[in-house]
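One chain, subunit A, links the two complexes that follow: it is found with subunit B in the first and with subunit C in the second.
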Partner chain A sequence: MTKQSILVKLTELFIDFFDDDLIRLNEKSTAGDIEDWDSLAQVGLILLIEKEFKFKFNASEVGNLENVGAMIDLIFIKQL
Partner chain B sequence: MNTNLKFDQIHVGQTANLIEKFSTEDLDAFINLSGDNSSIHSSKDDAIKKGFNNRVIHGAMIVSKISKLIGTVLPGDSALLLSLEFDFQKPLYPEQLFEITSKVSEKHYSVNCISIKFKVSLKDDSTKIAKGSALVNINYD
Partner chain C sequence: MMNIKFPIDPSKYIFKENYFSKESKKYSIQYKYKVKFIGGYTQSHTINWLEIFSRYSGILTETIKSDWGSGYNLISSPNIFDNNPDLLVVFLLPQDFYPQSRADISYINFEQIKLNLYHFADNCQSKKINIVFSLLESDFITPPVGGLKNDSLLSLSVKLNQIITEICDFHNNVLSFSMTNICSGFECENITSPRDWYAFGTPFNINASFFLGNYLKNLIRGFLGMSQKVLVSDLDNTLWGGIIGDDGPSKIKIGSDTPEGRIFLDIQIYILNLIRRGVYVSIASKNEEHLALEGFMRDDSILKADDFASLEINWNNKSKSIRSICNQLNVGLDSVFFIDDNPSEREEVASSCSEVVVPNVSDDPFTFLQALKFYDPFCIYLKPLQEDMTRNSSIKSRKIESEILNEAMSYDEFLKSILIKLKITIINEENFDRSLQLNNKTNQFNFTSQRLKAKNLSEIIKNDKNINITYSVSDKFTNYGLTGIIFLNIQNNILVVNNWLMSCRVFNKTLEIAMLEKITKIAKDEKLSKIIMKYIPTKRNQLILTFFKENGIQKVNNILNNEEIQEWEFDLNNKIEFKHHVEIIS
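What follows is the complex of A and B.
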């Protein structure tokens, strides 16, 4: 998948997870941009992304994610 | 004393069991607590009319013992329950001894979580009462 298609897929996952059709992600999006995106939601999101993209993150990879752009970069690398 | 397992002390395939029983008094107490006094739970006559053998234990009461198992045994004090799915297969009645068997089915290293599968069955004849799964975060200092 291209980084743009990963962004589209992540947006779909976020909309479904947070049950909010108004979510529009970009590379600079962070937890501060989505009201319900707290540490517990982060756990659910990571597990959802692992299931969707069919690979596993390790703890340090997840801990270093600063924004959606970093998440897209990581997914892009993991799928190669 | 509760266990307090850390993430690296848990392995896929790890098991834990509980044997439990609810009394009629427990059932009455849960009706009072939950407010669910529907006839199959509160009236033996009505339950029998609907095809049951006795007043039926609430599924949520069974789930309460799943909570006990997670919070006190596997993983114990370090548990933070994130999600739970359950299917109820047969009714459970007061005074029936039942066993909850649990097994760790997956470790999620990225987020310090484990998936646990559960089976609930009668102790005397192994009748399957319920089955389910949980996602638990291992949260400790």
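What follows is the complex of A and C.
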């Protein structure tokens, strides 16, 4: 998957997860941009990404996913 | 209740937490309940799911998180009871019991731990706070523990769990749970992971949190007396494999010979245990009755025809059969949990009787067990009371009673012949749990239907101006136990009946007349001017109006600014004859 298609897929996942059709993501999107994106939601998002992309982050990677760009980069590397 | 599809796949729900959270808020709130979480590190997902599941069941749970840290240390903290919780959920982890620098269990003073935990449980009992402890599971991920050997960890868990279960045995307000047990049967694999511990601080994963939230909701339903009362089950492919009318009794699958038979055997064992705890189990099956009953005559059928509270084996719609069962057992449709392998039968019942709980099971019979475990409609994780254990003997005696009645005896003669005895006492520590349960489960003969939490009942009994009468009933067939309560209060020379409730198991025995005579005597002895009874009409308690009418009790007014609460007066000058067949014993 290209980084662009990962962004599209992530947007779909976020819309479904937050039950909010208005979500539009870009690489700079952070928890500050989405009302319900708190530390609790972060856990669910990480698990959802793992389920959809079929890999697991390790503990230190989890600590470095502060914005959507970081997520895309890591997903891109993991699938190589 | 939340509509769950079985076999249950938690990922269908946990990644849609926001959606279910919004949906759950559409349900109306019947109860509020405060839960405080102690220790166990990050419990946010459990708390979220507890709140979601509770709302679907009409309960608004207010959850309070304790400070971060060891559950064992926190229970000794002076502000443990802050926020006035109804339930404390205490998580204990192995590492709470030894300093990290000295990971050796030989330094642990188990006697001191036992004393501390007992003291905590006693304290909660006196404050009418419920506690649920997590049992220690030696394979939970813990922080690095240096030289702590695996067998030491196991030994620590065994010793501490022994202490906790002993405390549970000695305290009615204390329960314990095991995460492994809560998740078992749901194919919820790997409930712990080192990654989740280090990354999220959770000792178990999000799937386990989902099941724990649901389990805690079920406990709270139990504490609030919201359990169902009747399991109605189909027969073919529900209590045994195959169709008895087509295959014949010798070919149905039940017993240990086949995988399918083993599942049905477990279903029957589960149901037999429900019957033993006082759950009414009835059959609604489309079959020829004589053929169907042959299934229970097989040696390997654990359940026998005699075990059931009622049998509706005919060709009627299932909804009609369920209504008939409810009439026979004096319970409402909302007390029923219905299992049937056939989706069209389930649909017929769900659409005609929307109050009945109809789980969305599959044609795999194991999902019936999953649904029973997940919804826990009969709150089996709570300790049963003595009255629960004798309930099914009263059903059997009711059958005998109706046989006697058929022997051309008048109803009055019949009541005389069964030697009804009634014993009066007041609500005290000994009968507190049963009084609370009866108050919260009774719907029909219940003047106000006002539900109470343990703390509310405790406040009522502490108020000197209240007289809280309970009565226990027996006849020559059965001891029904504590089956009636009258909450009285004397104000301005008036005897006020704040609430009066009586179990449906003892209806039609003239007990209410005997008790009306009794409270009339109290009022006269105290030289009071009149008796006022408070009444809040509901869909279910209309029979109270018949009681009022038959005994000359007149509506006076609605309580000021509240159209729902009515006041009815019993005139003490009424020359009423209290005609009953009850002997009041001291």
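Some points to look at:
The rule is simple: the second predicted complex is superposed on the first by the 80 of 80 C-alpha atoms of A that agree within 3 Å, B and C clash if a C-alpha of one lies under 4 Å from a C-alpha of the other, contacts with A are read in each partner's own complex, and residues count from 1 in each chain.
The definition used in the following text is that a residue touches a chain if its C-beta (ideal position, glycine included) is under 8 Å from a C-beta of that chain, and two chains touch if they have at least 3 such contacts.
Being a predicted model, the structure only gives us computed values, none of them experimental.
Once the two complexes are laid over each other on the shared chain, residue contacts for A:Phe18 go to subunit C alone; subunit B is not touched. In the superposition on chain A, no contact is made by A:Leu80 with either subunit B or subunit C. In the superposition on chain A, A:Asp36 makes contact with subunit C only, not with subunit B. Of the two partner chains, subunit C is the only one that A:Leu48 touches; subunit B does not reach it.
The wider contact with subunit A, measured as residues touched, comes from C rather than the other of subunit B and subunit C. Overlap of the subunit B and subunit C contact sets on subunit A: residues 40, 43-44, 46-47, 56-59, 62. Of all residues in subunit B, only 82-83, 108-113, 135, 137 touch subunit A in the complex they form. On subunit A, the positions that touch subunit B within their shared complex are 40, 42-44, 46-47, 50, 56-59, 61-62.
Remark: subunit C residues 11, 14-19, 22, 44-45, 48, 194-195, 198-200, 202, 206 touch subunit A in the complex. Looking at the complex, you find that subunit A touches subunit C at residues 16-20, 36, 39-41, 43-44, 46-48, 51, 56-59, 62-63.
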